[in-house]
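By letter and in written order, the chains are A, B, C, D and E; residue numbering begins at 1 in each of them.
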Amino acid sequence: MTTYIIRRVIQSMLVLVMVTMIVFLVMRLLPGDPIYMLITEDDLIQSSEEKIAALRHEFGLDKPIPVQYINWFSAAVCGDLGVSIIHRGKVAKEIIGRLPITLHIGLLAFIISIVVGIPLGVVSAVRRGRWLDTGVTLLANLGITIPVFWLGILMIYFFALYLGILPVQGYTSPFEDFWMSTRKIIMPVFCLSVFPIASAARQTRSSMLEIMRQDYIRTAWAKGLRERLIIVRHALKNALIPVVTLKGLMFRNIIGGSVLVETVFNIPGMGRLAVDGVISHDYAIVQGIVLLIATVVLVVNLVVDLSYGWLDPRIRYG
Amino acid sequence: MQRTDMTETPLHASEFRRIMKVLFSRGVVVFGIVVILALFVTAIFAPWIAPYDPYKLDLNQTLVQPCKEHLLGTDALGRDTLSRIIFGTRTSLMVGVVAVCIAASVGMTMGLIAGYFGRWVHAIIMRFIDALMAFPVILLALVIAVLLGGGLRNVMIALGIGLLPAYARLMCGQVLSVKENDYFLAGRAMGAGNLRIMFRHVVPNCFPPLIVLITMMMGLTILAEAGLSFLGIGIEPPGAAWGAMVNDGYQYLLTHPILSFAPGFAIMLVVFSFNMVGDGLRDALDPRLRGVL
Amino acid sequence: MPVLLEVKNLKTYFKVYHGLVKAVDDISYHIKKKEIVGLVGESGCGKSVSQLSVLQLIPTPPGEIVAGQIIFEGQDLLQFEANGDEMRSIRGGGIAMVFQEPMTSLNPVLTIGRQLTEGLELHLGMDVNEARNRAIELLSMVGIPDADKRIDDYPHQFSGGMRQRVMIAMALSCNPKIIIADEPTTALDVTTQAQLLELMTDLVSRFNASLVIVTHNLGVIARYAQRLYVMYAGRIVESGTAKEIFGNPRHPYTIALLNCVPRLDEEEGRKLVPIEGMPPNLLNMPITCAFKPRCPYHIERCGQDPWPDLKLIEGQHYVRCYVET
Amino acid sequence: MKSPSRNGKIVEVDDLKMYFPVTRGLLRHKVADVKAVDGVSFHIKRGETLGLVGESGSGKTTVGRCIMRLYQPTSGHIIFEGQDISQLSEHQMRPLRSRMSLIFQDPYGSLDPRQSAGSIVGEPLKVFHLANSRQEYRERVEELFRIVGLDPSMMDRVPHEFSGGQRQRIGVARALASNASLLICDEPISALDVSIQAQIINLLEELQERLKRLTYLFIAHDLSVVRHISDRIAVMYLGRIVEVTDRKTLYENPLHPYTKSLLSAVPVADPFLEEKRKRIILKGEIPSPLTPPSGCNFHPRCPMAISKCKKEVPPLRDTGGGHEVSCIRV
Amino acid sequence: MKGKWFSVGSIGCLVLLIVALLLVGGYPAHSQDKPQYGGILRVVEGAGPRGCIGWPANAVGNDALGMKPCIEYLVNQDNMNKILPCLATDWKVARDRKSITFTLRKGVKFHDGSDFNAEVARFNLQAVKDAKASGTASWTSVEVVDDYTVRINLSEYNNNLLARLSGSPGAMVSKEAVEKNGIEWAKLNPVGTGPFKFVSFQRDVVAKYTRNENYWDKGKPYLDGVELHFIKDPMTQQAVMRAGEAEVLGIGLGKMAADMKALGFKIISAPSGTVSLLPDSKNADSPFGNKKVREAVEYAIDREAIVKGKGYGFLKAAYQLPPSNSMAYDPNFKGRQYDPEKAKKLLTETGYPNGFATKIIPMSFDVDRDVMVALQSYLGEVGIKVDLDFVDYGRYSEYRRKGWHNALLCQPIAVFPNYNQTLDFYFSAKSPDFPSLARPAGFDELIQKSISTVEAKKRNIQNVLEKMFDETMVIPINEVGRGYAVQNYVHDTGHLEWGSWTNWTPDRAWMSK
């Protein structure tokens, strides 16, 4: 087990290095010099070539790419993710301020998608073919077809403007004002969790249907067990195995979805920072965020893999 | 031994017919198939179906609400929304099909090589896939779209790369499971070459779940295009793609909701249809479900 | 000896997309107290379905028990709702089952102990400790060494034979009156097979229970069963005591079955006589004798008239055939 | 095919060992071996059928696959038609592969479900370039279909359109396609319906009669089937051969206690006989090949084991007339 | 289904709002001339400062937004290029035009309590000069004359210099605070003399300011505080205003402004520049090298139709470079009106009877895509096949700096109150931008002449513009502008009245609610 974790951690680190290399290279392949971006974005400032050269040197962009990478990487290992070209601020500081926000919303959506999606799928599978199943299936299928930003703005107009029961936008830290914070994140969390709920429900349903056909379920029936016990004790744990895989993969897309949701609800999270960073070619920001997101995703994946062990004793970590 | 054994009759009817029968046994699946077929027909015959030229501006007739002349109204440049949606079928389907083709072909090749050769080849390719999988799809597509610049072609490539890991992983898993089969061993036992085993035995047997994935992804890709458009990196005007139309119409949501509702509804319909067909295909192609349905 | 279970005119049909599969079509049989009964037939002849029907374990849909009576201790089990309380108390408590595939019949994510004790808690009302102790006892009874340790293991940590022992322990746990063993040893090696059958017959007699062995292996029946039913295409074609049938097989199918398997005691140079063709597809069956296409003895009438009823030959020996062999 | 063969032996296996390493730990270092085959020696004469019996886990399938060189044996020699193939590279093996074929247990898993029956059977022809034209190819495939008793008009169907018995016939036809002289039949009938098993057994027997050079290594766990089809029988237990002899001797005069118990475990479809038979029921289960018992690895289950059995590995010795046994108590 | 409740909802909202507006409308906003005290003014902008709101030397672009409520400049400038006193009460340009001397306001204190004096002013100006901020190239040195007099020495005078000091180069922050806490701290902690004190700043979210009780202009400000909120999505911005969660919203002119107007908000608007096409007239192989082709392009475009379709009454067609609010604007100028026949004729004359293929390169985030599509369509009608190549900032700036080939670069030409600044910035020989744009002989001399007078002269500017028109150097399309939607109870914010859009009058703003 320990060996397995150590191996997985090493593997994950290799993946991380690969991720940073990919991003580093891709970002530098982007057409357009970030220094020029700085000038263009601020339309009314003209910088001389000399000033541009000075800036380029300041950010270390005049060195060959491998050298830049090594410099960045060795600093990143020590927790220094460099300086944003556009903001001129420390990237690490910037991200640290925003990561909790994205995680707050993302994790809530993730948890809700599990807490709501899986029972929906189970109920739907157990009542296969009935109206409840039809309803859940229909909703689940609608849920994976709605563009997130669209849903977001519809919700704003309905709940915030028409009913006036929720604030339009923004984010408040739960430590600052828990009630306000909760009111503000209801809509973004809902938007973000619609797709994962729907996909979890779908996956759970089909996985449950599959499991309910297994021999050991028949054995359980033959023992005279109650239906609820069979579902909860015998079927659910088995059915969760593929769902957990899906959820592991889903997490990164929840983070991805936050890019859209944060824009609509004006939440100062990492998603927006990332998009702005990409669009304005802010190397350091994008590298930092990707590194962080990748780390979070890999940690979640590791947790998912370890939870297999809990779900499925057949898996041995050796 | 010249006697041939003709008394034995095959247990099953033709596989194809069985698949078709399962596929067409559920209403929603049929609905999905009909919608998708209708879309392809619309895409092909767009110029004949559309009431107006979708690119023709009429700055005197901007933002017309739905009426007899313009069933779905006109947009900010006076172009007929219905015609644009009809022509948008082409672009959106193309985005879906091409992006998925890119993702499927590259991803499956990587998965095939990784799964087939195993060992360090597997390790390297799958770590690379893991690295890609550590990005959120939309961010990955965004970076690539910015890298390549906007535009239809580049959006398709970006989405293709973004969706590629799913195929690689599924394919790799499939190959590994096919390798467990005796017919794989049979190929090795008769001394068939790697390429022969790969393309005669492995690839064809990996397909069923991949077909399902391809179908489902088709819808998701169209959805993802809408997301990219929202972030400002999408199909360039004057091209009419639904995602871009939803986004263009977004700023008129209050006064002219039809501008974003109509293409939004089209997206939902297509995604729904592709998912239903995907579900149906899964039921039809999954051997474990054989005889049950 | 009193009849414990009597199945009368049971019909179980499956609706599949091709049409109607009459998996079990009007069979009647009975099991007496402390008796070992064999049920023989090829795969797909309906022998498993007929047993699952007794406990209403047929997946519905597509399956459905269309008609018949299953009388167990004076009650018609078919009057009970499929997953209702009465039926559930019979399952495991009155009639227990051992399934064919030891590899898939145990839940992979629950410990052996958990799977054993839940029946004890349910049917015998034991508390957790009692149930656990009883489970350990049962496990050692079925020959699992270190039962007190292995009770916390998961099924994948057991070999196939061991798992089937666990299944037997599970079946015996609530002192059922009848144990139905559905191809209990097919997937196992000969030596393990012998071990398990010995164990089962031994335990059944100790528990004063009856045993139904469902199998395609005539040798197993010959060795252990007192009476047997031969099934073909969803119907019983021959029944009687083992000695009656093996000593004087009357149905062409039974004869063919005996002739087509290699035997350990066969003479040098014996040629096997295969049964031509293949087992019938139960879909949309004709009303005529289903064995007719493969039957070397068939006469004209076989292709025209419906299957005859079972006919008494001698003692308890019944045959369903027009041909006098 | 003219190839040098010693004393008419088509295959000679000499002290074959096949160990599969078990790795653990961070660096995946080897901690143990699964001794699937542990020093097996036997031979098969041209045109005969050697039955290889044993419980699952005894290593019989591994022996077959080693001969096919699907595995690289850990040590020992495999002499096929006079050539030691145990160390040949895959490339060097290729020409030899046309002369040996494998028939699998599972008629469902061993046929590529996406290929037509015709192309499954014809594939060896393509791989070994045995057909010079499409016409010749087609004729050859049709002939193979007829040989195994299938209607050539069914060539274009895919495997699942065939019944289990028919599928196994396709498997046999594929094995015959390359004019193989050695057929390794790995439990070819155990997955079939009882009524179909006889068809395949008879087919294999008839083929051997018709094509004189055909040699079988028939792997099975069912003694009655093996006895029916084999000329000689080797009994395996936990990676080793414990007894080899002709079938008549084996049935009438089994020497090894394991063989005896194996024979007694098989029930006979005769209740009168069964009443009288003595049953030797073995205790326990076959041990794991990862940690085989010391000495004679059958000793923990052997009813006649003595303390010496725990220490000495009994050699396979000839008790006369080619009846070889590895037991010190015989 | 969704459509239904949605429209019911929006109609309901509209009705409610209209009723509310009618009620409010009963009290004419300007009838209450006397400002009221109190209230926090919440201003919504699409993009906020990047992160340097307290250190003028490094401040660029939107950073000025964050400085404005708390930091003051040496001078103010209005839209008609009039320089007004602020922290400098008076200034004099030396006769030799080699220096400007500023007399500073006395009795002004920074928020940290330190005094504003000549040394602090020198410190700030020197930092700006050291950072090579744009517009400081001609400063040779900054010197303290006495406690409240400071002088900037110049290598060369131009009439833009003073205007620059109404923006971040002229911003004054506390020297003491900077020296005590360091520049990194100062960047995010503005300590100025302004009417409001800085409270907090969260990038992309909000900046908060509270009333400065010791403001030098006694009696001001009226508000208790100011908050700048940054919301990117226009629909969300609109929702925030409708929900009453903000008082002022910065918008683009066009549909959004029309919507907000329809919803009953006050709209403040002003042109900010002219969207123009810059042809590749320098590269030899470009068809735009021929003046007649450039003219043809201009004749081919129906600017009135575009403005009618996309302007919603807020935009004007542009036939000359300066927008209608500029000092350089000539109301009698007609320009080249839409005449597709003439365009075709010109194309035929120049050897392109069937047109040619080219592209328009707009920056994808900064233009109205629909307008580009319209341009494409009009040019298509005279046979010029246009590809639209929307590019992001990075690629755009490469084009802008390094040149473009056979294409029309779409550039909004910004208007400065002193139009000389516009000309100098975009078109002078010193400008590093637009290398593919051919400048006719003698053109730069005209600019230099116009720039070097003590005061900007309209005639000189007109000379330059006439030359540009004759040569069809750039093709103006339409005016663009900024706007503010303002709640009716908000008064005197001064938005868009002061030189740069980032300048407004938080000190004078008040709310009647």
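By our rule, contacts are C-beta pairs under 8 Å (C-beta built on N, C-alpha and C of every residue); 3 or more make two chains touch, one makes a residue touch a chain.
As the structure is a computational prediction, the values presented were derived from the model and not from experiment.
The set of chains touching subunit A and also touching subunit D is given as B, C.
Counting hops only between chains that touch, subunit B reaches subunit D in a minimum of 1. Set against the Cα centre of subunit C, the chain with the most distant centre is E.
Between the CA-based centres of subunit D and subunit E the separation comes to 88 Å, rounded to the whole angstrom.
One simple way to say how far apart two chains are is to compare their mean CA positions; for subunit A and subunit E this gives 38 Å. We define each chain's centre as the mean of its Cα atoms; on that basis subunit B and subunit E are separated by 45 Å. For this pair, subunit A with subunit B, the centres built from the Cα atoms lie 23 Å apart. Residues of subunit C in contact with at least two other chains: 278, 294.
Annotation for subunit E: residues touching 2 or more other chains are 2, 6, 10, 235, 365, 392, 395.
The multi-chain contact residues of subunit B, meaning those touching 2 or more other chains, are 8, 11, 146, 149, 232-233, 250, 253-254, 292. For subunit A in complex with subunit E, the residues that touch the partner chain are 30-34, 36-51, 84, 86-89, 94, 97, 153-154, 156-158, 160-162, 164, 167-171, 263-266, 268, 272-273, 276, 279-281. Subunit C meets subunit A in the complex at residues 52, 55, 57, 59, 83, 87-93, 96-97, 99, 101, 104-110, 118-119, 122-123, 154, 156, 167, 170.
Interface residues of subunit B, counted against subunit A in their complex, comprise 127-128, 130-139, 142-144, 146-147, 149, 219-220, 223, 226-227, 230-233, 243, 246, 250, 253-254, 260, 264, 267-268, 271-272, 275-276, 282, 288, 292.
Per the touch definition, subunit B reaches subunit D in the complex via residues 1-6, 8, 10-12, 14-15, 181-183, 185-193, 196, 200-201, 204-205, 207. Partner subunit B is touched in their complex by these residues of subunit E: 2-3, 6-7, 10, 234-235, 238, 255-256, 259, 262, 302, 305-306, 308-310, 364-365, 369-370, 372-374, 376-377, 388-392, 395.
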